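Consider the two complexes below, in which chain A is the common component and chain B and chain C are the respective partners.
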Partner chain A sequence: MGTVAAMSRSILIYANCQGEELQKTGRYMPCLAERFDFKWIPLHLVEDSHWTTQYGPDFMADVVMLWEQVETGADSPNRTALHQRLPPGCPVVKFPPLSATCLWPFAGNDPRRAVDPTRYPWPDSIAAALANRKLPDDELFEAYLRITTEKMPDLDRRLRMDVTRWKASDALSDVPMADWIERTFRSVNLFHTSGHITAPAIAHLMKQLLSRSAVLGGSLIGAASRETDALLARHCGQDYESVPIHPVVAERLDLRFYDPDATYRWHDHDWTFRQYILHYIRWSDYIG
Partner chain B sequence: MDRIIFNLPGFAVDDPDALAAELDFLLDGYAGERNELPVHKRVAEHFKLSWWSPDLKYRWENNLRTYRQHVLDTARWARWLP
Partner chain C sequence: MNADGLLTLIAGTLGVPPPEVNEDSSMANTKKWDSLRQLMLVTELETTYGIELTEQEMHETTSVRQIRAVLAARGVA
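On to the complex of A and B.
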């Protein structure tokens, strides 16, 4: 097959921001270069008009496979529009979105987000309640630790709720992830936030999708899986906003990867749990 | 530097102590530019770099590598993901 013909084949990814990580990984694989391209439609950003402007017939013409992230509930109009535009007979592999809420049990309301939604997009309701307390750092952090420890919910129940959600998404998917996440999340950090994932999670999902993509052929699937591991071995995943985990959460969920002194990336900063909480309570500026 | 100055809430030049406190808080945990070249063990020993350790990880775009990993990856010209 000539280069031009071979190049005109794309795997289309329809997913939230996790799809961008899959696309980037796919595009950097030497074994797939000049054979397959990866395209991504961000399902959380796509608008009705995009189906005639950005994702029209030219965009869809070379799609030979769809990796489709599932959502519970009825199909959205965008998902229906996607299916209507796929080339006839295009194979589809469905996969779940990855998320974990049990690791950040105080996610809730913070009224400051109503006027400033992007400064700290991952709300903490206890920190929000301390926003007006004029205390020195040590006292403020101690107050946060005391209140959160007193109000810590039943984390085993929270985990069971997450597992139930993971299994519900698995039931709609060709790629099961629930068992793997449940088996792995204590020993390997899989989540930077409730919806942003680390490199090990991206790698596992990518390899599961590759292994179900017959359009690649057996030898390419093996090579692409090995290259996935190599490309993501040192990678940090979606870490530009990484929300630290509460030490009591780590203890009660037996997170073996947890390091109480670890720093977490927040834009151009590396903050410990204490630093993050103090900056969050004070809704402070940061660089990046 | 302009990014830092522009992020200072008050930029109170008439109150140097307040400005210094704001600057300290704004720079808390600031990692600077994100591309770092690892430092050789002998260089660290020569200059007595107390912050240095062989396990220290250096960021290159969205990757973290130790000195050893950096040398091996560079020698092998390993492909990496931005």
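On to the complex of A and C.
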């Protein structure tokens, strides 16, 4: 009976796919087992009907805290619906989404994604423009390197654009992340794609959220924070689609963690930058 | 780039079928047009049209109509 009563307390996470990583980390913590559950509402997937079918009164009844990922711009109807359904007085900790565009400066238009959006969801407009070239691998990759080097934008400016966006999200949040990202991203790989994060980023965010969750109590916050480090020490984060970083980007942004010979996970494959680019240009199948 | 070309560029950057983007599309009514895709769209517009948008213009390019207005003001569309 005691266990049932204790388990009927949940921390609700309202966030994009980064919320799933927080949820998994929370659920694997021994110190929180049978004390708190972690629920996740994927803000990018929720539809109007879900508020009555999936996230109705039963779902919300045991929520004792909300970890809410902010969005710049006007509040969405879903966010309003969420707040209308929270138990009265439920404390809220707001945190920013983590993303970086300066690491992949050619993310842009690829018309192939209009009809096949999931094969390579992280676009590269230069690679897309080479799609119809019938060249051997070496020549095709050389062409990509040449064009991207010629067209490489001012990456300091791109970084400033990211920092501006991070700070705008911070301004809406209780958990500031902009300064930490700016201080850390050169020495530690924080991003697998422009919107997917690595274990160190998950760990930092998780500990920041835990430290602001008074509902846990002081001793549990400390224990959970230590377990976060242990749990994520060998975790790779959201690495099922890891987009390699261009060597010129690494050089110009002074990415000290960068290894030009590194391989990057792409579903069941481990590809170098060259292999990824050639597969992407050719829009190759990679399943099976 | 012609009018349809801009819609195709936006669709290809957002990763949605071209018919889902029209003159009335904006961040407010297009689900995949989030803040991350918005920044990708800004950089794609800069690359395609050979311009560098000001911070003010970046804030203004959150709908097809506003993008057209910014590009017209720059004399590139």
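What to note about this one:
Here is the rule we use: the second predicted complex is superposed on the first by the 286 of 288 C-alpha atoms of A that agree within 3 Å, B and C clash if a C-alpha of one lies under 4 Å from a C-alpha of the other, contacts with A are read in each partner's own complex, and residues count from 1 in each chain.
By definition in this document, contacts are C-beta pairs under 8 Å (C-beta built on N, C-alpha and C of every residue); 3 or more make two chains touch, one makes a residue touch a chain.
This is a predicted model, so every value here is computed, not measured.
After alignment on the shared chain A, the placement of chain B and chain C results in a side-by-side fit free of clashes. Of the two partner chains, chain C is the only one touched by A:Ala107; chain B is not.
Looking at the shared chain after the overlay, A:Asp48 reaches neither chain B nor chain C.
By the touch criterion defined above, A:Asp58 reaches neither chain B nor chain C. Taking the C-alpha centre of chain A as the apex, the lines running to the C-alpha centres of chain B and chain C meet at 120 degrees, rounded to a multiple of 10. Legend: residue contacts after superposition of the two complexes on their common chain; A:Asp254 is shown touching neither chain B nor chain C. Put chain B and chain C next to each other and count what each touches on chain A; the higher total goes to C.
Look at A:Asp239: by the touch rule set out above, it reaches chain B but stays clear of chain C. In the superposition on chain A, contact of A:His269 is made with chain B only, not with chain C. After overlaying the two complexes on the shared chain, residue contacts for A:Tyr286 are found with chain B alone; chain C is out of touch. Within the superposed three-chain model, A:Glu150 lies out of touch with both chain B and chain C [touch as defined at top]. Per the superposed model, the minimal spacing between any CA atom of chain B and any CA atom of chain C is 23 Å. In the complex of the two chains, the chain C residues touching chain A come out as 8-9, 11-13, 15-18, 27-28, 31, 34-36, 39-44, 46-48, 52, 55, 58, 62. Against chain C, in their complex, chain A makes its touches with residues 44, 71-74, 97, 99, 101, 105-115, 117, 121, 123, 125, 128, 151, 153, 157-158, 161-162, 164-165, 194-195. Residue ranges of chain B in contact with chain A, taken from their complex: 3-4, 7-9, 25-32, 34, 62-65, 69, 73, 78-82. The part of chain A that touches chain B in the complex is made up of residues 24-25, 28, 30, 227, 230-232, 234-237, 239, 263, 265-266, 268-272, 275, 279, 284-287.
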